[in-house]
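Before anything else, here's the structure in question.
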Amino acid sequence: MKLYEKQRLEIILERMAAKRAGRILEAAGVSGYTVLPALAGFGGETKWQRDADISASRDMVVMVVIADAAEIDVALDQMQDLLADHIGVLNVSTVQVMRPDLF
Amino acid sequence: MKLYEKQRLEIILERMAAKRAGRILEAAGVSGYTVLPALAGFGGETKWQRDADISASRDMVVMVVIADAAEIDVALDQMQDLLADHIGVLNVSTVQVMRPDLF
Amino acid sequence: MKLYEKQRLEIILERMAAKRAGRILEAAGVSGYTVLPALAGFGGETKWQRDADISASRDMVVMVVIADAAEIDVALDQMQDLLADHIGVLNVSTVQVMRPDLF
Amino acid sequence: MAMALETLSSPIILFFALGLLAALARSEMTVPEAFAKGLAIYLMMAIGLKGGVEMAANPLTGEVIRAFGAGIVLSFALPLVAFAALRLTSGIDRVDAAASAAHYGSISIVTFVAATEVVQATGLMPGGHLVAVAAVMETPAIITALLLARQANAAGGPVAGSERGELLREVMLNASVVVLVGALIVGWIIGPEGFEPTKPFFVAPFQGVLCLFLLDMGLSAGRGLRQGWRQLDVGAITFGLYMPLISAAVAAALCWVLALAPGDSALLITLAASASYIAVPAAMRLALPKAKPAIYLTLSLGVTFPFNLTFGIPLYTAMGQWVGS
Amino acid sequence: MAMALETLSSPIILFFALGLLAALARSEMTVPEAFAKGLAIYLMMAIGLKGGVEMAANPLTGEVIRAFGAGIVLSFALPLVAFAALRLTSGIDRVDAAASAAHYGSISIVTFVAATEVVQATGLMPGGHLVAVAAVMETPAIITALLLARQANAAGGPVAGSERGELLREVMLNASVVVLVGALIVGWIIGPEGFEPTKPFFVAPFQGVLCLFLLDMGLSAGRGLRQGWRQLDVGAITFGLYMPLISAAVAAALCWVLALAPGDSALLITLAASASYIAVPAAMRLALPKAKPAIYLTLSLGVTFPFNLTFGIPLYTAMGQWVGS
Amino acid sequence: MAMALETLSSPIILFFALGLLAALARSEMTVPEAFAKGLAIYLMMAIGLKGGVEMAANPLTGEVIRAFGAGIVLSFALPLVAFAALRLTSGIDRVDAAASAAHYGSISIVTFVAATEVVQATGLMPGGHLVAVAAVMETPAIITALLLARQANAAGGPVAGSERGELLREVMLNASVVVLVGALIVGWIIGPEGFEPTKPFFVAPFQGVLCLFLLDMGLSAGRGLRQGWRQLDVGAITFGLYMPLISAAVAAALCWVLALAPGDSALLITLAASASYIAVPAAMRLALPKAKPAIYLTLSLGVTFPFNLTFGIPLYTAMGQWVGS
């Protein structure tokens, strides 16, 4: 099977900021993204847990984006700003896809 | 710690098709896979959100598979057919594992 | 955008063992981790499904950790012991991050 | 008229309207899927139990059997009408038209419940077997739609990874069939006496739970509309409004021919006019994955469901009174 | 005193204490978020409906309008007091102080409900419009807090990816505003008669559901305390205890000036003294993302909520009886 | 016999059977985990409260204390019998046998509740303290099992990442202990009068909620059986059927010796015969992670639970009437 190189961006982000991240990604021209719920986490000195906090104000999500390197690069600029304000971390890696024109 | 190379296949797929993808993976001989729920997403022109659609017909899941390159290759052939019919995208990357005989 | 290399550790683990894995990671000095719920899975000969088992005793989670290679290496040693007892698999990959001092 | 006004000011409709407006105003509010699904199971258990208990109290007459026959015929036949109508009056392609047609041949259990309240308020007492008729009407429409779609693309074997029997299981053993039919049988076995201790859960709070559920349906319908209307041309949207009327007319004629009672007729007409938005969409994802959910869901949940809930039900009730014997 | 003791031994408080103790003892027990959120929607629907039905039965008097005015003024003004107090008596920085102040200007609907029970037990009948006053008090505090925070960091444009109107939508159309105000209007429209069939769901089980919900709130408060108390200095924790008293005193004075009835006064004082822990935290994540949830949540949910529930409510009820006319 | 038939046609059993059949027929239907867990918390609160309220009304007699003693002894001792039986009659290894033995020493609260209904239907009034006895029997079996397992593999320090006290917390402060014991104490404090306003939530709908919960248990049991039976040899499956009878016989003898009342005896025998499927499996994942859930869950949830629910309970009730004084 012939595969093609793309980038995978993974953003671990507070849930309330997910729509903002989505707008940044759409503006950067990515073809799509998927948001996964997180259950719990640890960072800095504190832990959070979805079912243990009725305010839900510390819930995190994980956004996964497959896109061209160029689009990711455009998105990262604004993500830096977003993550200066909002709680979250991101990482980028290289992956292979089957249908390169989809991304 | 000595690590060994394997492949990681990640399939973002509509939930109703997950069992079909599972059968393809099992037929390809992978040792296991894990299915994660997605919460929301964007693709093409439209957005979906799990809690906002009572029909649940657009729910997506993310399937993660660690396997040998050969098994992944066998699976990809059939996945291409599956993704010709069903909504979804996939990507493959190289990862390191501790116990290579498990996969 | 200038990016920096880090490691991404992904542990697919039974939910009841997640706190133990968390302690191992904290002891290894990672700056954080995130736990995602899984919905279903297949491994060995058996399948499990979160909503189909009232005992919840086979629920799995996926832990994602971005960290320095050195920290991951320290963690892996103990993870090997954990995974000798508990149900789970792990994989490590190389990723790029924006703010290397966070990890 | 008075009936229509009363329907429109019932708490059920008002909470639906609340959800619809909130979604159209882009509120982020949601009802968690797990909670809504739990409520749906509760509602179907309650409906099934009540229907079964009533059936246990009444003999299986010829009229009951005729009602079943009518329901099955309607569910098989209406998709043909819907398919032809969609192809004639909208730009929707064959596969999408077939998938949409399945929704209109099948039924909406919430529309059925809301109609039951209205019909009972007019003093008519529809039979408990109508619940069983509703259950029986869920499935045949799917078969017709698959035949229509197969004609569409002669090629195309089974989807990769599919398994013999998986579609059949999804269609015959989905949650709504299992719970509705199962609770019906349980109700039949336990009868009025056995039902008594569970009434404080299954009967008394029913109306209130329905309010909460309809709030969520309003949110879903509103969001569906906001996202999906761009995918629909005028012809398609009009279809969502006139198709229930056609179905109702066909069903009314059948009720008249079969000499069904007014209350039963009103409910059967409502079932014919209603469109599925949970069971059939799921089946379509398996059977016709290329059909676009944005089309069939926007039609059935965004257009037809609100129409039926507000204007349809009073009309169908009046039609039932008119054609029923 | 007797009232205080009775409050402390009510099942609601006891289940809250159970949750609190379990969390402090590091039990892993949780109530699933989806279920708890479903219960919260139920509680707000029930409160809104009841308030609306009562309002439908009573004319809109000048006293009602004065109560609304008082609520709005308190919600706008109390954050100023809270902000000044926090800055003076604790080491909390300006942004965190502004975010915390928003919580204390806004309200806690569970505290309100618990107070309603206590007030009614004393024989006073607070008006249904107090529910509407509660809804109206949710939002103004957020505006004051944003003005305070803007002063704090003059720089700083909108956050990347933010959209015009998103904060407004979050603040005006969040779940608690939509459900509370929506159900209130529904209750107003349907009146006592239309409310009747839904009472077995919205009235009879209300107290019991509240017990279950408060168990979960106890778990949340306990875990918040265990995680968050290290982030708070003595000044901050003390603030969580004296600030509700200041708010109550201000509100009591206002009630006396406006000649509100004793029952209404008691509830308005409670609203002023209570602090938000669901709607405002969510709004703060959007509006002031740099403010630390560990601080404002620990204060409002971990310190002030338990204080109000146990000692505050009897006191505010007594104050209402005292200043009310 | 009549009792057995009546049990088999109760709605609770019928919904369990519905779920079991649906799962065996490979229906995809599920009850969302969050909703089911919410229902479980409700059930335990209701049981605990009722037990506590009854205890508040009755003095602590010597018989009550003897019942506690019997429960503790049974929970400690029965795992020894179960372990020996499994090792003798099946091919299950030592660790799996120890883990399974823990399940049979501990208890199933749903079996307890179902038995309570049947016992009350015979006119016997079991004491509220039996709820407390049930809570007390949850844990000791785990200790015996750990001692048995330690003998099995002398080596093996604590699992990597484990923390002192985590197992103790899991065992003593899991959801079912916290809610059951907590609600019991709350019920004790508030007494019949304080319980009154929460009855429309905790008493009236209880039976109905149980129906819904047992539908889900049927689904779980059926799926467990379909997946797990291949892991069990004939000896193991037979164990799941005869072990409850052995436990019941031992408990009956103890009841006779201790001269417990017939109703109390019936419930204590049921507790002894029942096997855990939520609390103990979770504890075993922490304490004996190498034991295979497919074995102990299939046995306790797939084999013993259905057996007890259908044939066991009428038998244990009869035994209680026979040995009770």
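Chains here go by letter, A, B, C, D, E and F, matching the order in which they are written, and residues are numbered from 1 within each.
By our rule, contacts are C-beta pairs under 8 Å (C-beta built on N, C-alpha and C of every residue); 3 or more make two chains touch, one makes a residue touch a chain.
None of the values given here were measured: they were computed from a predicted structure.
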Ask   = Counting one step for each move to a touching chain, how far apart are chain C and chain E?
value = 2
Task = Moving only to chains each one touches, count the minimum steps from chain D until you reach chain E.
result = 1
Query = Tell me, which chains sit next to both chain B and chain D?
reply = none
Message = So, comparing C-alpha centroids, which chain is the farthest one from chain E?
response = B
Computed distance of Cα centres, chain C from chain B, in Å = 18
Key: Where chain C and chain D are represented by their mean Cα positions, the distance between them in whole Å   = 44
Ask   = Where in chain F do residues touch two or more other chains at once?
value = 30-35, 37-38, 200, 204-205
Ask   = Going by the touch rule set out above, which residues of chain A reach two or more other chains?
value = 22, 36-37, 47, 79, 93
Query = Considering every pair of chains, which are in touch?
reply = A-B, A-C, A-E, B-C, B-D, C-F, D-E, D-F, E-F
Ask   = chain B touches which residues of chain A in the complex?
value = 1, 3, 6, 8, 18, 22, 25-26, 31-37, 61, 64, 66, 93-99, 102-103
Ask   = In the complex formed with chain D, which residues of chain E make contact?
value = 32-35, 37-38, 41-42, 45, 49, 169-170, 173-175, 178-179, 182-183, 185-186, 189-190, 194-195, 197-202, 204-205
Query = Which of the residues in chain B come into contact with chain D in the complex?
reply = 14, 16-17, 19-24, 45-47, 49-58, 78-79, 81-82, 85-87
Task = Sort out for me which residues of chain E touch chain F in the complex.
result = 9-11, 14-15, 18, 22, 25-35, 38-39, 200, 204-209, 211-212, 215
Request  = Note which residues of chain D are touching chain B in the complex, please.
outcome  = 23, 30-33, 36-37, 40, 159-163, 166, 216-217, 219-220, 223-224, 227-228, 230, 277-278, 281-282, 284-286, 289-290, 293-294, 297, 301
